[in-house]
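Letters A, B, C, D, E and F mark the chains in the order given here, with residues in each chain numbered from 1 onward.
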Amino acid sequence: MKVAVFRKEHFNAAHQLHNPRWSDEKNERVFGKCNNKNFHGHNYDLIVRVIGEVDEEKGYVIDMKELSDIIKENILDRFDHKNLNLDTEEFKNLNPSAENIAIVIWNILRQKLDIKYDLKIKLYETERNFVEYPVTN
Amino acid sequence: MKVAVFRKEHFNAAHQLHNPRWSDEKNERVFGKCNNKNFHGHNYDLIVRVIGEVDEEKGYVIDMKELSDIIKENILDRFDHKNLNLDTEEFKNLNPSAENIAIVIWNILRQKLDIKYDLKIKLYETERNFVEYPVTN
Amino acid sequence: MKVAVFRKEHFNAAHQLHNPRWSDEKNERVFGKCNNKNFHGHNYDLIVRVIGEVDEEKGYVIDMKELSDIIKENILDRFDHKNLNLDTEEFKNLNPSAENIAIVIWNILRQKLDIKYDLKIKLYETERNFVEYPVTN
Amino acid sequence: MKVAVFRKEHFNAAHQLHNPRWSDEKNERVFGKCNNKNFHGHNYDLIVRVIGEVDEEKGYVIDMKELSDIIKENILDRFDHKNLNLDTEEFKNLNPSAENIAIVIWNILRQKLDIKYDLKIKLYETERNFVEYPVTN
Amino acid sequence: MKVAVFRKEHFNAAHQLHNPRWSDEKNERVFGKCNNKNFHGHNYDLIVRVIGEVDEEKGYVIDMKELSDIIKENILDRFDHKNLNLDTEEFKNLNPSAENIAIVIWNILRQKLDIKYDLKIKLYETERNFVEYPVTN
Amino acid sequence: MKVAVFRKEHFNAAHQLHNPRWSDEKNERVFGKCNNKNFHGHNYDLIVRVIGEVDEEKGYVIDMKELSDIIKENILDRFDHKNLNLDTEEFKNLNPSAENIAIVIWNILRQKLDIKYDLKIKLYETERNFVEYPVTN
């Protein structure tokens, strides 16, 4: 009996959309105000979806406290109150678009979560712009 | 032409995570404060998704008033303002985890809804912890 | 590397559920207060989901500004602050149920969006009644 | 011991901003798309605040079921799924701006509520535009 | 320069509306399903408002981490995942209505917060029922 | 007949809590992770409350389009997608705490708004931390 469980977490970060292989002019033309050289920032809402069998004894797919701790230790401690471009290894050479942040988070959590679980990430950059990875057709 | 329609409803209930086949010590160790012997409670938000063909005459997949009535009579009247562990047949011997509540609700509504409809349940225990059954890969 | 990106927009409109091939009595019996001959209205929340490959240079599936502009020019300018039954070509002979509005919006946006993108529409008529097209099983 | 209690209710209505003493040209110039002659509409969220002494026996300022019933009978039954301009006595000759709707609702509820209670109305026309009456300095 | 700062916290609890000086019949007649002898429960959202002078050096009215810690130690640790009627001293002989819970929380926090600060409590029992203490006219 | 009208707007910015008259050590001790030298950021929700007489002809306290334009030109164009510490005159020498941002916004809007209107600012730094200026007792 498979069920999907969701845990919502939150982090605040500064970032700048920027491709280091492009000129400043091209960065500004493509990314507009999101390229501001002094950065801007967001309250990111992160929803982690885990699919697995319901444990008959516990009634759990996964202990939500355990899932929350995995997210805190591996994602929030790494990205919360950080400048994604300057303070993190992950985005030193990768544009921290919402798409790329979601993929990076998925890759990190995938290593930390038992392979028996299916994993999906939903990331809200604002209430009106959000992304999901991997995709559901 | 298939469309998915969603109806959001709400109920408030007390519960305790508890496996009657375990000792009190094991229950407390596994479920922590969620095992509080005097219960705690939640405002459960329930989203019922029904997929079906759009009726050409009505423009409806299903009359939302009718769907809402089915949910009220079969779910809200049964669980709202109740103690899930003590007041319901369904959770007398089943741990009322969010996962199990979602499965129970699905089983009840599945009996009441024409088989031509696809049915899925999303249940919010809190704004940050929620589940979905059956799963979408 | 495919990612789903979502853009939330908003429009306010009047409408009336009405099948012009039925008698007034049948319309009132089937649609109840939603058939009010003088119309009622809603704040519609529209979430457009686009799936595509992440552009390696930009880190984008699609420029969200561009997506937002497509929605504004083709959907909001057409339906916002309008009477769906009286002011639009689309619902002159089609009942503006949430299901039909979602299908109409999908058909309009599908013409405007590069065929390489997968497209899905979620439409909230109220916080408690919403629909999705096309469906995910 | 005075406490403020709040009850949130909801209604959907069509309206048109229109001053019948003005020409059509002036109405359109002042109210723009909100003057659309065929109407548009909103999901109105209504929050009713009642201040009173906490009853020592009941622990209530007012029975929230009773307050909800007063709102349903006097406001929702009157305005829900209606065209405010055409279907109601109150806005036949009064422009149904959010400000005026809030004042009208306050006047109706003030007649129905024991004078010992202080009454205030908050009305959301959209998530981004809302009003309060009477004012708190 | 006085500013109001707000901190939102959350706790889940079971409760039963019950006046121990009344008969079971009267309790059931007055409180209806809220009197269920086996309890029901809620996700309580708590908003604490503190008014004070902005410290010129820090730019703070109060350190929000410190305020959050005061709420956690004195309110959440006491009421979260508890049965308000059975597990707490405060509601052994006091009906845990939203009104009374707000007054109790105010009294506890008032002792813990420097007297230079003005204090107000907003407590959401559900999204549609909430209270505020003390009142603003 | 006075009514309060509210307009909600939104901006995204980077900032760092920092007192330039303190040593780096003291800044870090007092502000913790909010002092991160490379900045972090937020989605700020801004609610502007204007109190005034309802214009009898228009039914408006103030044209909400006009109010929204004043906020956009004077606040959003200045602060959206900016680094508050580096990109703005206002916070070059003023710590951009939520309290100070609210006071600064009030001072700017106060100059742009007819003196007949009462003005108040509510600023959400996150969903759980927000401030209001000036205060209501």
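Methods note: a residue touches a chain if its C-beta (ideal position, glycine included) is under 8 Å from a C-beta of that chain, and two chains touch if they have at least 3 such contacts.
Treat the numbers as computed from the prediction; the structure is a model and nothing was measured.
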Graph distance between chain A and chain F, where chains that touch are linked: 1
Rounded Å distance between chain B and chain F, as computed from the means of their C-alpha atoms: 41
Averaged-CA centre spacing for the pair chain F and chain D, given as whole angstrom: 29
For chain C, residues that touch 2 or more chains besides their own: 127, 136
Every chain pair meeting the contact rule: A-B, A-C, A-F, B-C, B-E, C-D, D-E, D-F, E-F
Chain F to chain E touching residues, read off their complex: 17, 19, 21-22, 30, 32, 94-100, 102-103, 127-137
Chain E residues within the chain F interface of the complex: 1-9, 51, 54, 57-61, 64-65, 118, 136
Contact footprint of chain D on chain C as seen in their complex: 10, 12-15, 33-34, 36, 38-43, 80-83, 86-87, 126-127
